[in-house]
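Each chain gets a letter, A, B, C and D, in the order it is written, and its residues are counted from 1.
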Amino acid sequence: MLETHLRKRLEHQEILLMTHIVLGYPSFEDCYRIVEAMVAGGVDLMELQIPFSEPIADGPVILMANQQALAAGATVARCLEFADRVCREFPIPFLFMSYYNILFKFGVDAFAAAMADRGVRGAIVPDLPPEEGADYLAAMDRRELAPIFIYSPNTRPERLARIATVARGFVYCVARKGVTGADTRFSAHLEDYLRRCRAATALPLAVGFGVKDRSDVEFLTGKGDIAVIGTQTIRIIETQGIGAVTPFIRGLRP
Amino acid sequence: MNDRGYYSGFGGMFIPEILSTTFDQLIAAFRAARSDPAFWREYEAIMSTYSCRPTPLTFAENLTRHFGGARIYVKREDLNHTGAHKANNVMGQGLLVKRMGKTRVIAETGAGQHGVATATMAAKFGFECTIYMGEVDVERQRPNVFWMERLGAKVVAVRTGTRILKDAINEAFRDWVTNMDSTHYVLGTACGPHPFPEMVTYFQSIIGREARRQILEREGKLPVRVYACVGGGSNAMGLFSGFLDDPVQLVGVEAAGRGLASGAHAVRLSSPDASVGVAQGYKTYFLQNRDGQMKETHSVAAGLDYVGVSPILSQFKEIGRARFEAATDREVVDALAFTIRKEGLIPALESAHAFVQAFKEAPLLDPADAIIINQSGRGDKDIFTVADAFGDPAWQQFIIDKAERYRA
Amino acid sequence: MNDRGYYSGFGGMFIPEILSTTFDQLIAAFRAARSDPAFWREYEAIMSTYSCRPTPLTFAENLTRHFGGARIYVKREDLNHTGAHKANNVMGQGLLVKRMGKTRVIAETGAGQHGVATATMAAKFGFECTIYMGEVDVERQRPNVFWMERLGAKVVAVRTGTRILKDAINEAFRDWVTNMDSTHYVLGTACGPHPFPEMVTYFQSIIGREARRQILEREGKLPVRVYACVGGGSNAMGLFSGFLDDPVQLVGVEAAGRGLASGAHAVRLSSPDASVGVAQGYKTYFLQNRDGQMKETHSVAAGLDYVGVSPILSQFKEIGRARFEAATDREVVDALAFTIRKEGLIPALESAHAFVQAFKEAPLLDPADAIIINQSGRGDKDIFTVADAFGDPAWQQFIIDKAERYRA
Amino acid sequence: MLETHLRKRLEHQEILLMTHIVLGYPSFEDCYRIVEAMVAGGVDLMELQIPFSEPIADGPVILMANQQALAAGATVARCLEFADRVCREFPIPFLFMSYYNILFKFGVDAFAAAMADRGVRGAIVPDLPPEEGADYLAAMDRRELAPIFIYSPNTRPERLARIATVARGFVYCVARKGVTGADTRFSAHLEDYLRRCRAATALPLAVGFGVKDRSDVEFLTGKGDIAVIGTQTIRIIETQGIGAVTPFIRGLRP
């Protein structure tokens, strides 16, 4: 199970790193090379985003990546193929990230089965609150896959607790209001919020939205368990090429 | 967990976690308002002093004579302030925003109609206002952009996705997840996550309430059928609301664009190109491919050019409570020309879809029967599109001369 | 000889002999209609089912707060079908045409507003229709020409004289002296030979009747002042009619264009450039030279760009029953921008003249007092002019791009 | 008095010819030459139109002439000067034709005085019905000037009679509905109408609107007393020059 795996890693690392790529952007070949580079850099787990035409919770950078991947011909089938390969070849856990329509059109149960088949360990579906996810929860549960849910600074205490009852693997704590890719002020405010998250669940906490560099990761160390680096790696690849990925990741932790 | 706005399995609330509290507040505010009789009175008061409600029900004598069948009535939403039924929804939501103590509103717009309506409401209520509009629509609906800016709204041209209505909705959500504390998202139609379909329908139901009362006064009986165009579904739901418990056929007309076979259309409720899906926060019929990616849509009427449709109409389709038809761009332009010529009414291109279907059916109905067509908006906003559809050379020359002067 | 429509020496019937019988008939038909209580009921019925009467009286809360004086109400003639008070007059005359058994109508138009209204009425009543419009106005008001043509009217561009409104009136008279048997000339304002000033005022008086009732309902007392712009004078007479017997100040606002000193204006009732004369069939103040030749006029608002003025208003000026002021183009554009921004209302450029004067006076009045501004029409028809007044670069680019596509 | 003069001429001519010019069009100099040419051609009397900016009863040809005369600087003062000269130099009666505002702004009484002064014998004011003309009638009467009034095919019998009571000189019978310059069908209908006019007044009858050539004049002979040639001479001057005027007028009668 994902949680067990993460706990084990946490015995050796004060904080884990999770990165994110959009499948098919800039191409599936490049995606493979990026995964390779990230693993070489020492990431602990990765989100593979299946592109969707309406990525409502994503900011401009990831949004554009979604569109370009689709324009270049990315399909769900090719994303599954890709996941199959990286799960076999790399020793870290991979998660799918996508919007609910991708799962819904595939068939939620069939999708969970396909994930299990290919060794994908869990999924993040930002537009699927637990209340809408009964089928999904059942299907994931049946295959011991982790449905990753989200905490936000706006989530009320009783809701944090309720979400904790269905979440598996870890909880993804959105560091601030807004979409992916915008700047986050890492502040006392954030510390407070993470304390509330910690109180609500025994699961490891991933912290995302706006983690850019080593000082951000340092800030999170001791407060969260996983630092999520999303948009920043896309920016680095776009400006400095895939060759810059490994040193970037490596540089995030001391 | 409590009610999440399902209609035979359509609807729901597929929203990012960060909005959960915002939606809880909105639902609570809406519930409270709806169960407060003073609220509807306040709503009616503002609609009758700021807009022109009740809007008239016009007997289309010449069309009736021409088609020789049912007596044709036209519900005149075009006479609303800002020129369409959109005013009903925005003023209602505006009152809610005041109740919730928020100070800023955002909205998506396709045709520009809902954007102008929202910007107008914001000016009236003193709210800050940002309107998201696909870049393609900004280009084709420049007059509306001009007025929104004059009304004090910031108009953001959305350059992502297909750069039309659905992309503007996504962008509005992105704003909302950032600014939910100060901001209310004034969704423009009976779509999106709960409580929007219900709430927009509630405000638009003023159309149907009035129409029912008016037709009874005029004809002494109910209409046999009522017709409305279907974009997101708000004007249709508004009219239909008045007749849900009556033996009245509800007919929704979607945009068949260049024809169902062409793929260039926006027919979600009666086309094999559509299937059930979840996007933009709700479950309904979408025009999407097998993977669930949304397709491009097309209609001569910008306001119908949308991939989704009200979950309540999806329910009506499913349970057979309404019938859905489609009208092509060509049919629409012809019906528009004919209506202008015969009655001196200028329906919006959107509304003209409803006229097309009514014209097909009226001759087959009994002359003792009445039907109602919802004229959801006025067509003079569409002059750039309509002039192009007619290929009017004098208009083109006018624009060319005007451009010449701007270049000089 | 019987009554020839004089108002303290203004008015009269200076008509070619060939029209004498036509005018006799018209006067008789109008008298008969007016003394038949069913006629006004029929008129009100059509105005409330085809147009949106009663039009609302909107309380301008934000403007009131801003100016800190009298409570400002706006009479919403912009919500009429076709977008201005012109609808009142044309529908009334249309009913008379039916009574007279004529089958064709003609009209002059300046802004295009009255032309569209007449063409609409003709479509509705099934009359043939020809609209005379100065060539200059055809060029600057192309959208209205487009709609008139769609409505089935023949639009004749008048290439004589100064090629604006007054020349269109002359040309309409030329048509009428040829086709008087089949044709009624639907004059668009409270000018021209008797019975037009009286008749147009009669139909427009619906504005004042409603406004009086509405303000009493809302405020429990009469307004202290009422404001209307003055082109030919019909919307002003319409509003004023409701308050003639009341202690209410009537304020008419003319177009000062580029300023009284510039000569480029249309101020007839409060400018030394005007004097009493006889033209276009009636005696009133005209902008004319010493020989009696009419001068060119100017206003940013095409509908106020006229050399003459209602003889009834000339009387009001003479006997002191009304006060007349003037607003410059610049003041008008500013007041328009401010009103849009503050209230979400878009007055026509014509109507904005009334707002200018009301804004000057409101702060000086008691906060317990109420005033009414007549919003005679809606301003979205003026987009080509307003966009130019604002010098909006995005609008210009839009037109240039559009032109590019037409050229291709 | 004008009527007496006309009756005398009618002893020698079965039908008289009245022509019309717009003063200042194309120029006052040309107008003088045109009058000269018309008198040479044998016209019996002439209308001198003082141009007005709003000539409501005139058709396109005369309308344009009005505008161009004004644009070229025609004023009422220059028109009076011109009238003064032609009345002195030519042996036929001249009438003013204009719209009421010209008289009104000048002062109706002053205008009549100016006419009398210069020898102009009467006036045609198409937008001044007798009911509006009390001052005008008095002023004209005081100076024995002829206020010429108009009959139209639409004028009712009692009105024909009423107009007859104030008309002097002759009555101008408009041959048809419409403005100056359009074609008239000379028909039995017209004959009928002229019979009604004749019955209503003892004054000579001028018949105008659309008289173009000798056959029109022949048709009118015996039915009316004066054939009015208006627009047609302007057309002839515009297309063939002033030289064509004398032969044209001469050719109108046998």
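Here is the rule we go by: a residue touches a chain if its C-beta (ideal position, glycine included) is under 8 Å from a C-beta of that chain, and two chains touch if they have at least 3 such contacts.
Everything quoted here is computed from the prediction, not taken from an experiment.
Chains making contact with chain A as well as with chain C: B.
With centres defined as mean CA coordinates, chain C is found 33 Å away from chain B.
Chain A and chain D have Cα centroids separated by 97 Å.
Between the Cα centres of chain C and chain D there is a gap of 37 Å. If you draw each protein chain as a dot and join the dots that touch, you get a simple line with two loose ends. Each chain pair that touches appears in this list: A-B, B-C, C-D.
Residue ranges of chain B in contact with chain A, taken from their complex: 1, 4, 12-22, 24, 160-161, 166, 170, 173-174, 177-181, 275, 277-281, 283, 286, 288, 290-294.
Chain contact summary for the complex, chain A toward chain B: residues 52-57, 59-60, 63-64, 67, 70, 75-76, 99-102, 104-106, 126-129, 131-132, 149-156, 159, 163, 174, 177-179, 182. Listing the residues of chain B that touch chain C in their complex gives 48-52, 55-59, 62, 76, 79, 81, 83, 119-124, 126, 139, 142-143, 145-147, 149-152, 337, 340-344, 346, 380-381, 383-384, 386-387, 390, 392, 394-396, 398-404, 406-407.
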